[in-house]
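Below are two complexes that have subunit A in common, paired first with subunit B and then with subunit C.
Here is the complex of A and B:
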């Protein structure tokens, strides 16, 4: 187990380095950061001055090395635009993103698992087909489009929910539904296939032959086995939700790290973007590792390594 | 079963409580004397000393006061924190400061605050954004009495008054010294008509009317509270406007604005601005060999484009075709120079005379926000046999390429810092620097003279010469004046000014 954990940690470091290099390169190739820093009405001389001030006149590898050394010593740097420490920017915005991701995951699990179970218990029925259609739609519909439809219906026409902001729990309803729509289908389909496999096993057939009630059969014998891969997927989904809320946070004006990333990418604020990329990549890797460990603990058949 | 009913009821109650907690009163605006305003972009700082953006300009004029005041409707400069000023000589200005002014924290305003702030902004070590063009024309500041200050200029600066009205706001000296200048990013304190109640990075800014605001040329706050929210997505702004939870938004795409006009609870108003849009042509061949080096081809391009149609039909909102390479409201922007009228037949003749009757191929660059204008120009050029390939890019990328000398032909907008003077429109593009595609030494010399002499007659003469040469050689094709639109609740009363940002203290209720 320790060896597996160590190897995953090495993978995490490699992922972080790759993400940092790729992110840095893409960001620096996408525009002139000095022009952006100098401001819209800046003269060419002032743009050059901004370039020197922020060290952007140095070769890219030197700039990257300098940022990496600071990172290695625990300093995420400061925003090039506001001068605010990046660590503070992330810390103040992370709770909103975490809240949204957890809400979306809870909704996905709360609806996905029961729907998957029902679909598996009635294969090829209208319920099963409806769940399939829902899954396909949930994964196919772009989140920005779904967000706008929800805003128009529930925010503008019915006026049941707030449209933007993060002040109260009600502000999270539409963003949660939007984000959950993309993670729910996977959990639902995996629960369904797991349940179908479990219901077809010999021990379930034996239990049924012995006259065990269907509810007990499903709850005690089939579901725990069917949920093992769902647990792993849920952990991975949380990582995806943390990193995938950029569009949703932007549309609903939630001041989380997704919106911060969106804004920082547009401006090329690379200390902020780099830190966010590494944070999300590491969170994703850590959650995947946790899911593997949890699986190994729950299921004695799984032996890591 | 009973348990399931209780659970369902509990869930329903919880959901109801969540919903009730979060939905703002749709009619909150006028009744609660609270204006809800949307910004598309967050600003790093609310003061125009640290940064200079549209958002900081809006907030800065609400929270702070500058030494002088430029009337946003007429462009005339009057006194503000300095109630009057005297030019001692070409490089010296004496300011008489207003007495009895209070900062939002209760500190009294005097010469020490001016000396502290001006000393800060003219110190090159502070490396402020656009410091050279905005602040460094002032070399020194000297206190000459409790309410008297002398500014010594580094050079004769004919637009010094405009510059003193732009970013020369005044911080409370003691407060800023004790807290550090970065305190103005989160806890700004000024003398302006609104005081900052809350500044939340990423979320917005809340302002309250400052009851102790002095009676001066800048109006007092007309609304009790202003909440500015960052809504990056324009569709979200539209939804909030339609739901009645937003009172004021700006710069909507024209089609969206026209759709919102159909809503009886909303109104859309347009305002002219000092900003212009023009076509830059690579007359000097900086981007490589090109047909645009031939004056006849450039003139053909100017004849091919119907600028009145672009201004009237595409831009709309009162936009007007430009007669010269500057805004007509700017000082020394001659309007009686010969114009190149829309004449496709003349364009074809000029192309034929240039040996290009078979057609010319050019590249037309634009930032993404000007893509529709570039497409319109492409259409006009195609009609006379000029094939224009459009290259659009985000503004920073386009700007990098433009300054690197890679633009054969570009559509670009220029605001000139809101200064009503030809010197705000010409020098950057005709100073033989990175943005100059004409490379005409005589024009550069005239423009330099205009920006450095205090003799207004001489300035008028040299700018006229420069503008005439620019038109004669078709170094650029001036296109149109920019407009701005504001979508607001029908209860809101606001008349747009020439400034392309809203003036919060001029917004009131009907």
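Here is the complex of A and C:
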């Protein structure tokens, strides 16, 4: 098990370093940073002094080393527009995105796992077909479009929910539904196929043969095995939701890191964009690593293998 | 002379199975219609999709009492014929769908083949490259890249092509690992085939069916991604008609004219579902002929 965990850890660290290099290059490729820092209408002399002041005249490897040290100590630079430290901008908006991602994940798990289980226990029943139709639609409906349709129907025609902003819990209803629609199908179908596999195993057949009640059979023997990959997927999807909330947050004007990223991209505020990309990538890497380690600990085939 | 009936040729069995597969046929027919629509868009569009006429802005569609058949779906906020723009939009979706998938397929399959076939260190490098790609959030990375290189159809295709290859790599890698342990690969090695020849002649043909299913999945993903990027204003730039861009343009009027967002959205959904059905059908049809019905 230690070997599995160690190799995953090494890959995770390598990925983190690569992502930092990619982020660094994005900022350098986006234009002349010194000119941006000096501000609009700066004279060539002012641009040069900004270049020296921020160390942008040094060789790239030196710049990268300095920048990585700052990054590791939590200094993500400043916004080109507001001058605000990027770390603060992210910190104030992160709770909104986290809340949204966790709500969406809870909805997907709360609906996806039971639906997937029932679908597997009654193949070809109406609920199985319903879960298939939901999955097909969930994968085909663009989330920006679903968001707009929900706004028109529930926000404007029925007036049940607010349609933009992040002030109250009610503001999160439509964004949560939109985001959950994208993560639900995967969780549901994986639960279904995991359950089908588990129900077809020898140990379940044995348990059934000795007369175990169907409920105990499912709860004790089939479900735990079916859910292992589902939980791993859920951890990965939390990472995906963090990065995937750009569209949902911008349609609903939800002031999280997704909207911050979108606005910063539109106005060319690359220090912010770069930091957010790195942040989301690191969060995703950490979550997948955790899922791998948890799997290695829980699954005896890996633990003892 | 025996009375045994002559066995039906395999291609005919295959053809009959294909024609009988409802999902596959529905998907194939819809995709074929979409391709025809895209190819003949200039002939089918009743008006020039770029011709603006500010005196004829936001004309109602034919089903509205005030509407007429000159512009069956009315006009947009710049007085352009909406039906013509919808028809033209199929071109962007399909161009991105095919081209980005082609790039992604070449990149991902190459990585997957190398990792799956050679294993060891090569595989470790491939897995690391895949892990790095997976860690980068798709839409966010695409938006950031497109804001640097400035959106155009080519840029969208290139960016999506280089972002959507991960599933190709993973599927091809594990399929190759399975094929690699087969006797015919060992036989090819024994008769002295070169590595390149083995990969081309023995491995590639045998991983085709999972590969084709991934092609359909990624084509659907590319079409959705292009629509999202164009909706957010960093994909295909106006005045080109993309279904995502049409939704974005219709957004300001969606409370009075909901069809302005319903129509392009529905076209995206129908196209994506058709491609997914085609993929599911291909997976069913790729299973061995002798199992199941004749």
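Following the convention adopted for this analysis, the second predicted complex is superposed on the first by the 229 of 305 C-alpha atoms of A that agree within 3 Å, B and C clash if a C-alpha of one lies under 4 Å from a C-alpha of the other, contacts with A are read in each partner's own complex, and residues count from 1 in each chain.
To be clear about the criterion, a contact is a pair of C-beta atoms (placed from the backbone, for glycine too) under 8 Å apart; a residue touches a chain by one contact, two chains touch by 3 or more.
Quantities reported herein were computed from a predicted structural model and do not represent experimental measurements.
Now for A:18: first (subunit B), second (subunit C), both, or neither, which partner does it touch?
Only subunit C; A:18 stays clear of subunit B.
Let me test your reading of the model: by the given contact rule, A:284 touches which partner, first (subunit B), second (subunit C), both or neither?
second
Now for A:243: first (subunit B), second (subunit C), both, or neither, which partner does it touch?
In the superposition, A:243 touches subunit C alone.
Return first, second, both or neither, reflecting whether A:171 touches subunit B, subunit C, both chains, or no partner chain.
A:171 sits against subunit B, while subunit C stays out of touch.
Under the stated touch criterion, which partner chain does A:39 make contact with: subunit B (first), subunit C (second), both, or neither?
First partner only, subunit B.
Between subunit B and subunit C, whom does A:268 touch in the aligned arrangement: first, second, both, or neither?
In the superposition, A:268 contacts both subunit B and subunit C.
When the two structures are overlaid on chain A, which partner does A:91 contact: first (subunit B), second (subunit C), both, or neither?
neither
Of the two partner chains, subunit B (first) and subunit C (second), which one does A:205 touch, if any: first, second, both, or neither?
It touches nothing on subunit B or subunit C.
For A:141, using the defined touch cut-off, is the partner it touches subunit B, subunit C, both, or neither? Pick first, second, both or neither.
Second partner only, subunit C.
Jot down the residues of subunit A that show up as touching in both complexes, subunit B in one and subunit C in the other.
30, 148, 151-152, 156, 250, 262, 266, 268
Which bits of subunit A are touching subunit C when the two form their complex?
My answer: residues 11-12, 14-15, 18-19, 22, 26, 29-30, 136-137, 139-145, 148-149, 151-152, 156, 240, 242-244, 246-247, 250, 258, 261-262, 265-266, 268, 273, 276-277, 280-282, 284-285, 288.
Can you tell me which positions in subunit C touch subunit A when the two form their complex?
Within the complex, subunit C contacts subunit A at residues 127-128, 131-132, 134-141, 143-145, 147-148, 220, 224, 227-228, 231-234, 244, 247, 251, 254-255, 258, 261-262, 265, 268-269, 272-273, 276.
Per the contact definition, I'd like the list of subunit A residues that touch subunit B in the complex.
30-33, 35-47, 49-50, 53, 79, 81-84, 89, 92-93, 148, 151-152, 155-156, 159-171, 173, 250-253, 255, 259-260, 262-263, 266, 268
Within the complex, which stretch of subunit B touches subunit A?
Residues 18-24, 26, 41-42, 44-45, 51-53, 127, 129-133, 182, 185, 200-203, 229-233, 235-236, 239-240, 242-243, 245, 393-397, 399-400, 403, 415-417, 428, 433-435 of subunit B touch subunit A in their complex.
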